[in-house]
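Okay, here's the structure, questions in a sec.
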Amino acid sequence: MKVRAVYALILLLAALPWFIGSRYIFHIATMITIMIPLVLGMHLMVRIGQLSLAHPAFWGLGAYASALLTMRLGMPPLLSLLVGAAVPSLVALAVGPIFLRIKGVFFVLLTFAFGEIVDLIFQEWTGLFGGNSGLYGIPKFSILGLRLTQIPHYYVLGLIAAILVYLLMRAIERSDVGAILESLNEDEMLSRSMGANALAWRVAAFVVSAFAAGISGGIYAFYIGFLSPDPFGFQTIVDLIVMVTVGGAGSVLGPVLGAIVTVPLPELLRDAREYQLMIYGVCLIGFMKFAKQGLISFIVDKRRGA
Amino acid sequence: MPHKGVARGETAVIAQMIVNGLLGGLIYVIMALGFTLIFGIMRIVNFAHGEFYMLGAVGVLVLFGNFGMNYFVAVVVAGLLTGALGVIAERVLFRSVVGEEMPGMIMSLGLSIILQSVVLLALGPEEQTVARPFSGIWRIAGAVVPWDRTVVSISAIIILVAFYIFLKFSRLGLAMQAVAQDPTTASLMGVESGTIYASAYGIACLLAGLGGALMAPIYTIGPYMGQSPMLKAFVVVVIGGLGSIPGAMLGGLLLGLTESVLATLMDSTTALIASFGVVLLVVLMRPNGLLGRTVR
Amino acid sequence: MTAPLLVVDSLTRRFGGLVAASDVSFTVAPGEIFGIIGPNGAGKTTLFNVIAGHYRPTAGRVSFEGKDISGHAADEVGRRGIARTFQAVHIFKNETVRANLHRAAVLARRHNPLTWLSRRPHATPDLEGTAAFLGLDMLLDNVAGSLAYGLQKTVGVGLAMMVGPKLMLMDEPAAGLNPSEKIAAAALIRRLRDERGISVLLVEHDMPLVMGICDRILVLNQGMPIALGTPADVKSDKSVIDAYLGEDYEFA
């Protein structure tokens, strides 16, 4: 029942911006909804026991791809959002069969190096990505002739995407696929002996999680209207790890809570980055020391997750 | 990398590449040894390793730069303070996540950004410098060798020899080596496992602190200066084989040389991409590292 | 003469310089319980791991139902109808017995995301029936890791059964069990064959158990096969007694 209360609280928080009506609150709320698919993508990998540091790069690939498809090819925004999100998925499909043979810290380093290369490409391939000076002039998002011009419009778009991705991840977790992924994570040798193709399932998870990151990136691109390589580097890795840790990896609801609690922080502490770092650090250490399962462990018991 | 393409003529260029590679590589070795020690013994990827390096440099900034202490004394004191902080961090934080890969990584990431923010609060975001205690150059085979880097390298070699003697001849060192080879041997060596963890983390931080202290006059000092050395250590250790001490030595020198060659042959971005590419390749082809054990 | 189910032909596996299994050949007939014995380190588990596809053979071949499966991946071997239990308990400890069995069926059926939708689910044994067969029906809702050791091993057998195998490789199923549990384990292995038609390849140290239920036995020593035959043949084999059983070994 506590889970219901949390859902109700989240719904209430989601409606809050309309009651307050401030643009600033709408902006923070929009950023939260944008981060949710991304952190849920990262979380899917954590669930299969692989800490992927490639996700900020997937996020960036989705962002740049969506923006460029609209700007260069004149694709309708909704289509370019979906096709743009497929780009990191395809990249994940290409590198996954190689990367996912590797486990543990090696995978961490591998995905980190991969992410750095992608970020360097964003910086250096100025002809396509605009380099460090950025990619300007991303058109507004539009759907069925409706142009999204105001922050609240993007909030609604973000909310819809966040809810859809959340439902998708929850469906995966509760389905046979979730059972397979968890089995592989718990005991790979046993699971394989029963016939599961471990690598194929891991790649599938990687592809889906990259798609979630790509969707998040696309919405981010249309919302901000300008892209630079900045957000797609190491700082976002830290943010995502903080979200998953604070919220808790044990359930799909965990990272959502983590995003809700964490995303406003840098916005609120915009002029005091040192305090933000301090709070992040204290959160990471505190949760690892006292509540490894994150906030979610106080709400749902471990067995039947939300 | 600094000092590139100074010398003319082919042998001089090659000599310069080797000199630069060795100068850079020695510091990587010092960083990587501690990093691999912590991983080998505690199964923790120490993302805070670079911050201990940074603290060593800050120590020299304060003791030598502000208080005018003798440079070498300042280096030793900064290193010892960093090591002591490492012992405390192990006892208070890391003891509870020994052997757990993911919590260990997250914990050390947390410590890393806390230390960054503390230094950011104390020093501000501006990069600082300390006066170079040594200046001038000398030449070998046409290659230019700055005196300050020479002093750093000689000190690094002394530290490495001392570390080697400690590992080979002290009871604690032998116990640490045994545990790094096979975690189940801890109790067999008759040394309490807590002592081994504390000394491993402490000594690793001492090494990182000394490395940062030595490098303080050479690079600028700031809260984020440790990130790159930490990454290099991570790379070296993966290339050399996680937990392998000879691997860290070989890997450090190899990375130093590779970087120096790449930096001579290409522009810095291409070199960076190429070096990450090398990392990708090594991890993919030899997931246990060049000198890592192939069987679990 | 029916065609053999499993043919192991001159199989060798090295680890660096160590030859863990050396030129091992034997066949398992349909409906047979075939035992492998040998002292610790003889290479029995290694042999299992090679047959099951966890290790590649250094040399030699394995075929199952007439098809070459040497060097096939573990999941492929599993899908062809070879299930296995492990020397150490391998089950999903945090899940209930029911969830364990369910997972096994799912893993066997939905082995690959691409065939997820298109593939006709192949029939897996009925969960309740399997639990009843194993005497686990009253424990279905207990968390597997909380059961007694012997029962955890039984759950391991249940996982292997849920795959619907024709051959089950069992690595020391009686190790760590008390005498009455050992008797039950022996009976269970027989019933697997008699009631479920599953052939069994068995590694076991408990001599009375092995001698009592196996149709034929292969004796390994330091990776080398030293005898192959019925329990009676093996018991009286001179080289077996010298190399392994020793003078003071008690036969049941």
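To keep things simple, chains are lettered A, B and C as they appear, and every chain counts its residues starting from 1.
By our rule, a residue touches a chain if its C-beta (ideal position, glycine included) is under 8 Å from a C-beta of that chain, and two chains touch if they have at least 3 such contacts.
Quick caveat, the model's predicted, so the values are computed rather than measured.
S.K.: Quick one: which chain's Cα centre is the longest way from chain A's?
M.R.: Centre of mass proxy via C-alpha means gives C as farthest from chain A.
S.K.: Which chains share more C-beta contacts than any other pair?
M.R.: A-B
S.K.: Specify the chain with the shortest distance from its C-alpha centroid to the centroid of every protein C-alpha atom present.
M.R.: The chain sitting closest to the overall C-alpha centre is A.
S.K.: Mind checking the centre-to-centre distance between chain A and chain C? Centres are C-alpha means, answer in whole Å.
M.R.: 44
S.K.: Distance from the CA centroid of chain A to that of chain B, rounded to the nearest Å?
M.R.: 33
S.K.: I'd like the Å distance between the centres of chain B and chain C, where a centre is the mean of that chain's Cα atoms.
M.R.: Each chain's C-alpha centroid was found; their separation is 49 Å.
S.K.: Counting only residues that touch at least two other chains, what does the list for chain C look like?
M.R.: If we look for residues of chain C contacting two or more partner chains, we find none.
S.K.: Which residues of chain B touch chain A once you look at their complex with the stated criterion?
M.R.: Within the complex, chain B contacts chain A at residues 39, 45, 93, 96-97, 101-103, 105-107, 109-118, 120-121, 227, 231, 234-235, 238, 242, 269, 272-273, 276-277, 279-280, 283-284, 287.
S.K.: If we count contacts the way the header does, which residues on chain A are in touch with chain C in the complex?
M.R.: It comes out as residues 176-177, 179-180, 183, 186-187, 189-198, 200-201, 203-204.
S.K.: Enumerate the contact residues on chain C facing chain A in the complex.
M.R.: Listed in rising order, the residues are 52, 54, 73-75, 77-79, 83-84, 86, 90-92, 94, 99, 102-104, 106-108, 110-114, 116, 159-160, 162-163.
S.K.: Given the complex with chain B, which residues does chain A contribute to the contact?
M.R.: 46, 51, 98, 101-102, 104-106, 108-110, 112-114, 116-117, 120-121, 123-124, 234, 238, 241, 245, 273-278, 280-285, 288-289, 292
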